[in-house]
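Across the two complexes that follow, chain A remains constant while its partner is chain B and subsequently chain C.
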Partner chain A sequence: MNGYGGHILRVNLATGQVKKEPTPADLARDYLGGRGFGIYFLLKEVPKGADPLGPENKLIISSGPLSGLLVAGGGKCDWTCKAPLTGGYASASMGGHFTAELKYAGLDSIILEGISPKPVYLFIDDDKIELRDASEYWGKGSMTVEKMMKDKFGEEFQIAVIGPAGENMVSFAHINHDFGRQAGRGGVGAVMGSKKVKAIVVRGTKSVPVADMEAYRKAGMALYKACKDAEGLQEWTRYGTTIVTSWCNEVGALPTRNFSAGSFEGAQGIYGQTMREKIVITDKGCFGCPCPCGKYSKTKKYNSYVEGPEYETIGLLGSNVGIDDIEAVAQANLLCDEMGIDTISAGNVIAWAMECYEKGIFTKQDTGGIELKFGNADAVFKMIEMITKKEGLGALLADGVKKASQEIGKGTEKFAIQVKGMEQSAYQTHNATAMLLAYMTCDVGAHHNRAWAITYDIQVGRDKVVPEKVARVIWLQHFRPMFDVLGACRLQWVELGIDRDLYVPLLEAITGIHRTWEDIEKVGERIWNLTRLYWARENAGFGRAWDMPAPRFYEEPPTSGVTKGQYTKLEDVNKLLDMYYEQRGWDSNGLPKPETLEKLGIPQELVA
Partner chain B sequence: MRLYVDSSRCSGCNACRVACSLSVFGENNPKKASLVIEPHFPAPGVYKVRVCTQCGDCAAVCPTEAIKQDAQGAYYVEFSECNLCEACVPECPEEVMFVRPELADTAWKCTACGDCVAVCGTSALWLGEKEAVAA
Partner chain C sequence: MSAIFRLSGSLKDVVGGKDEYIIEAGHTVREQLLALGIVPETVAMVSVNGAMETKDYVIQDGDTVRVLAVVGGG
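Presenting the complex of A and B:
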């Protein structure tokens, strides 16, 4: 099938059986790939009420039709499952070179099913597919294992691996690849750990067929040329995502001390410019990317190597925990990568614990003697280790900030910065209503990548609560995640301003099917509604209450910085939701109306 | 003409290798590319890129004279004349002469077509005249 590897690989971990099935043509037509495939299989095959860490949950790993081809940024891989962190939908996007390798091995998806009786790794060398004993790797760090496997199998193999936190089923454990790329959010690493799969190792040497070779090469080259000619290429590539750190601080969007403020007095120490000068040693690109945001760093203070930190990590493990030293942020990043936990959730939950400590809710007795104050980098390092091992206070934090705050009570829920159980990523949203709504309604919880609307807020007036803002968020939620469906990166469009129409002839030349962006966004809307149905199916009473942000954003104005005193009133939060549900064709409780599902052509088998 | 590289500018993205396999074979398959990126991670965190210098050592030893020179001075393999003897492979000082029978029924190498240069976003690759040989 043009543009596809052609097969879905099913791995039954309980029996050790592996089976390849042809990728259904109608699945590719209607859901394209990536997280489209993910939600389809999740709804269809994982039974209602499945334990996220039990044998019924599945880990669905998918490339897309743009992956592994002559496409600027064609290196995105989707990891879908029921999320241990939230009990809802998880879909984590991973860069690097893994997704391309899947295609060269003739695969579009891998579905991990059941639980292995002992630790294993999945070995794929084209058509040679085996589950192998992983006892020599179990218990070791992500990058330690990746290096061991690279040395053993060779550079041509791509490896995705969990750390000890995944093995211990920390609810926000992630999956590492290429020494610093991750499928980060929702606890996908815990699901892999629950299945006792330490790693997936893959090499493929096959060619990926396309429908019209000549048109494809022309369109692929045109996309690369547009990226290379883009005005912002040099500046963007120099700093990557860290370029926004200084901007966020200036506009009051940089999460500071558990989102209590949006500007940080020590921000200069963690700016992208500071990082580039002090620690970056090379750019590190994902597959096919002409504008690599990945920065690879070496710290002097800790004598360590790490990919990053990216902006999100700087926000959460820097300003949000009060750290103003980029080397300390990089070290915390490295520990999270090696242990196998998501830096965003880690920085968020540690900041919550620090606030609890500073307010006297936790004492040294609770922390095991650690002075858990904002700005204490050593305390952050120690907490990362304790979370990984579920040791002392770490055991509480390993469940995520929502559950931890519910267990502690005492009003700590109000400053647990999360939506649907997922810790909010690095944008302060006291006074940025589109971004606030984006977090409230994001289909995995409080994550930024579906609708990055913060710049739009600043552009049109940050406190405005108007239908245009809601429409913008909805459009972004359909458009941006389609890159995760197509298996490519969105940053060429976001950061370089590449004309999105350049993708239209490229996708057509690859798949042989003509699609406009309007057609593609329709698939995006269908997927968005399906993910909503999944949440409702898995959570009794699911509805509006699940879309509410942390009370801090509507009850406690920022204590300092340029947005000091500014916040969104509760009535405006509700107004945002009312407008959002109405524009989406959902009822007042936030559930899709039957006519909306019908209009979108959602098959009955997925609704039941 | 030949290909030049500044490895310190490479980000390891492999766009060049996809473009190369398309140019040489008309296939999406970087395993059939004519340049090599060696990542060295986690330490020391560098990419080393190996490219063909068009030195012609491969052509000099080819028993079937399948490796020919084009008008711009770049050497290329005439696929139909290659017998997969592998004589060329050990001669290549950059280790970018390829024979992998499981992938292709011919040897292959860089033709200095420049497609890799066209997709390299970090300007790590460029085409230039071959250096004059010292007298």
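Presenting the complex of A and C:
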């Protein structure tokens, strides 16, 4: 099948059996790949009510039709499962080189099923596929194991690996790859750990068939040329995502001390410029990327090497925990990567604990003697370790900020910054109504990557609550995640402003099927509705209340910075939801109406 | 005492399509943006001779300043 590896690999961890099935042509036609394949298999095969950390949950790893080919940024891989962090849908996108090798091994998806009786790793070398004993790796850090495996198997093998936090099933454990790229959010690493799979090692040498070789070459080169000619390429490559740190601080979007403010007095110390001057030693890109955003850094203070930090980590493990030293942020980043926990959730949940401590809700007795105050980098390092080991206060925080705040009570739920149980990523949303709505309605919880709408807030008026903003969020939710379906990086479009129409002839040349962006967005809308159905299926009483943001954003104005005193009223939060549901064809409780599902051609087998 | 001031992306449209200006040195980037009718908040990044600077940077003689609009985010 043109554009695809051609097979789905099923791995039954309980029996050790591995089995390849042809990738169904209608699946590729209707869901394309990546997170499209993920939600299809999740809805169809993981039974209702499955324990996220039990044998019934599955970890579905999928490339897309643009992965591993002559596509600028064709290095993305989707990891889907039922999320331990939220009890709903998890889909984490990972860059690097893994997805290309997967495809060259003739695979479009790997589905991990059941639980292994002992720690194993999955070894794939083209058609040689084996589960191997992982006892020598179990208990070790992610990057330590990746290095050991690279030394053993060779550089051309690509490795995705969990750290001790994944083994311990920390609810926001992630999966590491390429010494600093992650499938980060929702606890996909905990699911891999629950299955006792330490790593997946893959190498492939097969060709991927394309429909029209000459058109493919031309369209592929046109996309590369557009990237190389793009205004801003030089700066983007120099700073990567850290390019937005100073802008976020300027417009009051930089999360500061547990999202109590949007501007940080110590921001200069964590700006992209500061980072580039003080710690960056080289740039690092994913498969086929002409504009690498990864920065490889060396800290003097800690004598350590790390990929990053990128913006999200700077926001959450920098300003949000009151740290103004880029070296300390980099060190916290390194610890999270090696331990195997998501930096966004970690920075968010630690900031919540710091606020609890500063308000006297936690004492030194609770923290094990740690002075858990904003700005204390050593306390952050220690908390990362305690979360990983589920030790002391770390055991509470390892469940995520929603559950932790529900357990502690005392009003701490109001400053637990999350939606649907997922900790909010690094954009302050007291007065940015489109971005607030994007977080409220994101299909994995409070994550920014589906719809980054904050610039639209700035352009049209940040406090406006108008249908145009809602329409913008919905369009972004259909369009942006399609990169995670196609198996490519969205940042070429996002950051360099590449004409998205360049992808249309490329996809057609590869697959042989003509699709316009409208066709592709329709797939995006179908997937969006399916993820909503999944949440509703798995959570009794799911509906509007699950879309509400942290009360802090509609009850407590920021205490300082450029947005001091500004916040969104509760009636406007509800108005945003009313407009959103109406535009989507959902009922007033936020559930898709039958006619909406029918219009989208959603098969009955996935609705039940 | 002059410098080059370049606008990229959608910022060009704000000022009617012209993307390069020869300006006098001595003003901050923020002042120069306001003089051209551009809201500073819509500018994500300021590059001076290839290195990132803030909007409070005072433009020096011979500088090449490029300002980039906020595009789409991470």
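The rule is simple: the second predicted complex is superposed on the first by the 608 of 608 C-alpha atoms of A that agree within 3 Å, B and C clash if a C-alpha of one lies under 4 Å from a C-alpha of the other, contacts with A are read in each partner's own complex, and residues count from 1 in each chain.
Operating definition for what follows: a residue touches a chain if its C-beta (ideal position, glycine included) is under 8 Å from a C-beta of that chain, and two chains touch if they have at least 3 such contacts.
Here the structure is a predicted model, which is why all the values come from computation and not from measurement.
Contact with chain C, but none with chain B, is seen for A:Gly272 once the two complexes are overlaid on the shared chain.
Chain A has more of its residues touched by B than by the other of chain B and chain C. By the document's definition of touching, of the two partners only chain B reaches A:Ser207; chain C does not.
In the superposition on chain A, A:Leu9 makes contact with neither chain B nor chain C. In the superposed pair of complexes, A:Gly232 makes contact with chain C only, with no contact to chain B.
Legend: residue contacts after superposition of the two complexes on their common chain; A:Gly285 is shown touching chain B, with no touch to chain C. Of the two partner chains placed by superposition, A:Ala536 touches none, neither chain B nor chain C. The intersection of chain A residues touching chain B with those touching chain C, taken from the two complexes, is empty. Of all residues in chain A, those touching chain C in their complex are 231-232, 234-235, 238-239, 241, 243-244, 246-247, 250-251, 272-273, 276, 310-312, 448-449, 452, 454-455, 458-459, 491, 493-497.
Residue ranges on chain C touching chain A, taken from their complex, read 8-9, 40-45, 47, 50-55, 66, 68, 70-74. Across the complex, chain B meets chain A through its residues 8-9, 11-15, 18-19, 21-22, 25-32, 38-39, 41-47, 102-103, 115, 118-122. Chain contact summary for the complex, chain A toward chain B: residues 68-70, 72, 75, 97, 100, 104, 143, 147, 155-156, 178-179, 205-210, 213, 217, 221, 224-225, 227-228, 233, 237, 281-292, 294, 296, 298, 305-306.
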